[in-house]
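Chains here go by letter, A, B and C, matching the order in which they are written, and residues are numbered from 1 within each.
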Amino acid sequence: MIVFLQSLLSGVLVGGVYALIGIGLTIIFGVMRIINFAHGDLLMVGMYLTFFIFTLLGIDPFLSILVSIPLMFLLGAFLQKVFINRVLNALPQNQILLTIGLGLVMSNTAMLLFTSDYRILTTSYSSGSVSLGGLSISTPLLLSFLITAAITAFLYWFLLKTDIGQAIRATAQDRDAAQLMGINVKRMSVLATGLGAALAGTAGALISPTYYIYPQVGSAFTLKAFVIVVLGGMGSIIGATMGGIIIGVTESLAAVTPFIGSGLKEAVVFLLFLLVLLFRPAGLLGKSRM
Amino acid sequence: MLRARKPARGLAALPLVLAVVATILLCLFPAVVSSPYTLHVMILIFLSVVQGESWNVLGGYTGQYSVGHAAYFGMGAYVTIMLLQFKGIAPWYGMWAAVAAAIVLGLVIGSITFRLRGPYFVLASIAVAEIIRLVTLNWKEVTNGAEGILLSGVPPLKIGETVITDWSSKVPFYYAGLALAVLTILVNYAVQHSKLGYYFQAIREDQDAAHSLGIPLARYKNIALAISAFFTAWSGAFYGLYVGFVDPSTVQTVEVSVSIVLICIIGGIGTILGPVVGSLVLVPLAEALRSNLIADGLFALGLDPTSRTGLFLKENLAHAHVLIYGILVVVVILFMPDGVLGYVKAVTRKRATRTEAA
Amino acid sequence: MSAPILEIKQVYKLFGGLAANSDVSFQMEEGMILGLIGPNGAGKTTLFNCITGYYPPTRGEVLFQGKRLNGLEPDQVCKLGMARTWQKVRPLAKMTVLDNVMVGALCRTGSLKVARDIALEQLHVVKLEHKNGFLAGGLPIGERKKLEVARVLATKPTLLLLDEVMGGLNPAESDEIIQLILDLKKRGLTQMVIEHDMKAIMRISDRIVVLNSGAKLAEGLPQEIVSNKDVITAYLGDALE
């Protein structure tokens, strides 16, 4: 029982970060109808950024997001303006391939620059834990969850209450109508990609104290991000938030289930994904909507 | 206006003659060139052609972009090698089991994913390939897990008591690869010139229109997938036997799936020659990078090998082929979305109209 | 009078809670042309989709030559001999005009040679054979509409459903299509035609069904329809806006 509760809890905590990755992907998809296959690679860039800010400047990974968020935003905006913008009306498969190509460029550039060695970011609290009612929670995991929760809350406020946020949502719901109503759709696309990249980068920063950092780390997260987004309904932010938690918990519980274990926990996630595609292709929440 | 010209009857024979001549020359090639490395590169080109042409049936003609073909490639390699190494079943029998397994897998995937359109199919194809990879990685008792399986040898191929080959040199692999490549090209040709090809392309162009014209979508998509899985699995079996080793990271990763798609994208999708052109670009490029030919070339052109740039290039270009792949994809999608072949055609057409106008 | 070739019995189609079609019933006899008209959003195309298998009717049934169609897929409906065109034309863009029509013809044959002959014949019927080798995606709208018709004719239908084949055409092109529809009728082909051009529909139809807000508003001979008060307020009122 204690194992179950422990896994459930850490699943929820990890799920928070997954939600952040999923929200980024879903915003990009919502606004441009493009699935960003380079999403995990953006996360990888965020991890390296955090790693070097920590090792070279000695800034704590959780603090460094103040630097990495704007930088990642610029990277996303750059990718949109220079590359993605040119394929907005292309065949979906070509859009997918373009982002796959961009991902390959990012991960392999990282490999050239930083080699394929695994790096570990060790902070003073990396192996620390907090005990809560008999359950022990890893300190970095708890911190990252709290930051995630704060960012997600901020994001909801931004999208629901600010003019720009509403413009982004309007564009996501109906690009043509938004354009007719005078929303600068091009600017929204740049903003959305920037935002998505910033969220992926933040997620990278938040998990860097608990994960190995290496150039190919992204692809697993790209796949997971898809699962999260499809689970919640493409383009739905609430869906992505819930999808993230569901995936976190599923993985965590699968890892302690006999005959599955940590090696196959991701296979369980993909299996869940196929089942959702089979029975509820519009996602668990039904209609895709932001 | 775009006009697809139909060549006159006499001219239609020309590509056929060229293809036959090319095949004959390729058959004679090992008699002239004996360098094992050159043969090795040729074998890799054949393998790439087989992979590309196989994917082309599903992705090119039918428009179903599978980014999970590593599942079939890996299935072909693993089943053939496992049957040979663990059960002693000769690969020319084992291959059929591999192919059957791949087709069954394909039909299961197809029945789940073909109801979905667009990005969902791409995502599902990746997810299935990943499940297969993770299962292979973790089912150690059967697959040997991440360590992979090292083949202790390929048994000699005999007809009756006559030994055809004992596979001791590259030459038999060369001919096997060539035969497979020619076969898959013929399959593409046959598909293109049959009802199947018309139906596949109609599905690619517009599923609803195709449906309303009497085409059962699911059945024809599954046929395309089965053909594609069949030959991809064969290419996997061929790869496994040639290299003598399989492990999940070389035959089952997303990178493998992507590289199969690339062969077609770069050459030109939905054409018979596209995968051949793609292979002729990609394989030599990868080999040139791997063997540092490009760095050596730059040094020969006057770059100082001891300078910082020189050292950096020498050190790293060998590992850069995936980076170059990535750049190629981006460039091709942005500037020549119909691949090298489509680009060349468009340029020659432009030139032709310009000369006509002049 | 012969048995009806198509019977539509109390067909409902609901999307969410919204009724796109409600309680629509009518029937068609062999050889006739039935005009289906109504203001925008009246549910004409939805009805086409229900009849041809794109989505099953929520309630009610569709009988074609006495056979119940509910639950059949569009390709099965096509095989039975009911073919439809699309309001927004759907050329197979990267295939040639001839290949487009051959795809239709392959519904009845496995042989490319036979299919080519059928296709050439139908292209001749719509007077498009001079564009055989062109890519369908590059045709101007008038010729795309003709291609659409040639392609469904190649499936050898006994009942043809035409969804606004005159939309977006100039008067000369429309006249050509009207002539074509009348020629096809002479050859015994039964047709249901959705059209916005009232003059055209009055000229070709043997009987007209008017839909409004998803339900049948009126049915009758063309001259009855033009003098029907409900139709004038609902349909023409809308058209005059």
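FYI, contacts are C-beta pairs under 8 Å (C-beta built on N, C-alpha and C of every residue); 3 or more make two chains touch, one makes a residue touch a chain.
Here the structure is a predicted model, which means the values were calculated and not measured.
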item: Most distant chain from subunit A, judged by the mean position of its C-alpha atoms; value: C
item: Closest chain to global C-alpha mean, per-chain Cα centroids; value: B
item: Geometric centre distance via CA averages, subunit B-subunit A, whole Å; value: 32
item: Whole-Å gap separating subunit B and subunit C, where each centre is the average of the chain's CA atoms; value: 44
item: Distance from subunit C to subunit A - Cα centre to Cα centre, in angstrom; value: 48
item: Residue ranges of subunit B touching subunit C (in the complex, touch as defined); value: 1-6, 193-195, 198-199, 201-202, 204-206, 208-217, 270
item: Parts of subunit C lying in touch with subunit B, wherever the complex brings them together; value: 52, 54, 73-76, 78-79, 83-84, 86, 90-96, 99, 102-104, 106-107, 110, 112, 115, 133-135, 137-138, 151-152, 155
item: Sites on subunit A touched by subunit B in the complex; value: 35, 83, 86-87, 90-94, 96-98, 100-105, 108-109, 111-112, 219, 223, 226-227, 230, 261, 263-264, 266-267, 270-271, 273-274, 277-278, 281
item: Subunit A-facing residues of subunit B, complex; value: 63, 65, 67, 112-113, 115-116, 118-120, 122-124, 126-128, 130-131, 134-135, 137-138, 254, 258, 261, 265, 316, 319-320, 322-323, 325-330, 333-334, 337
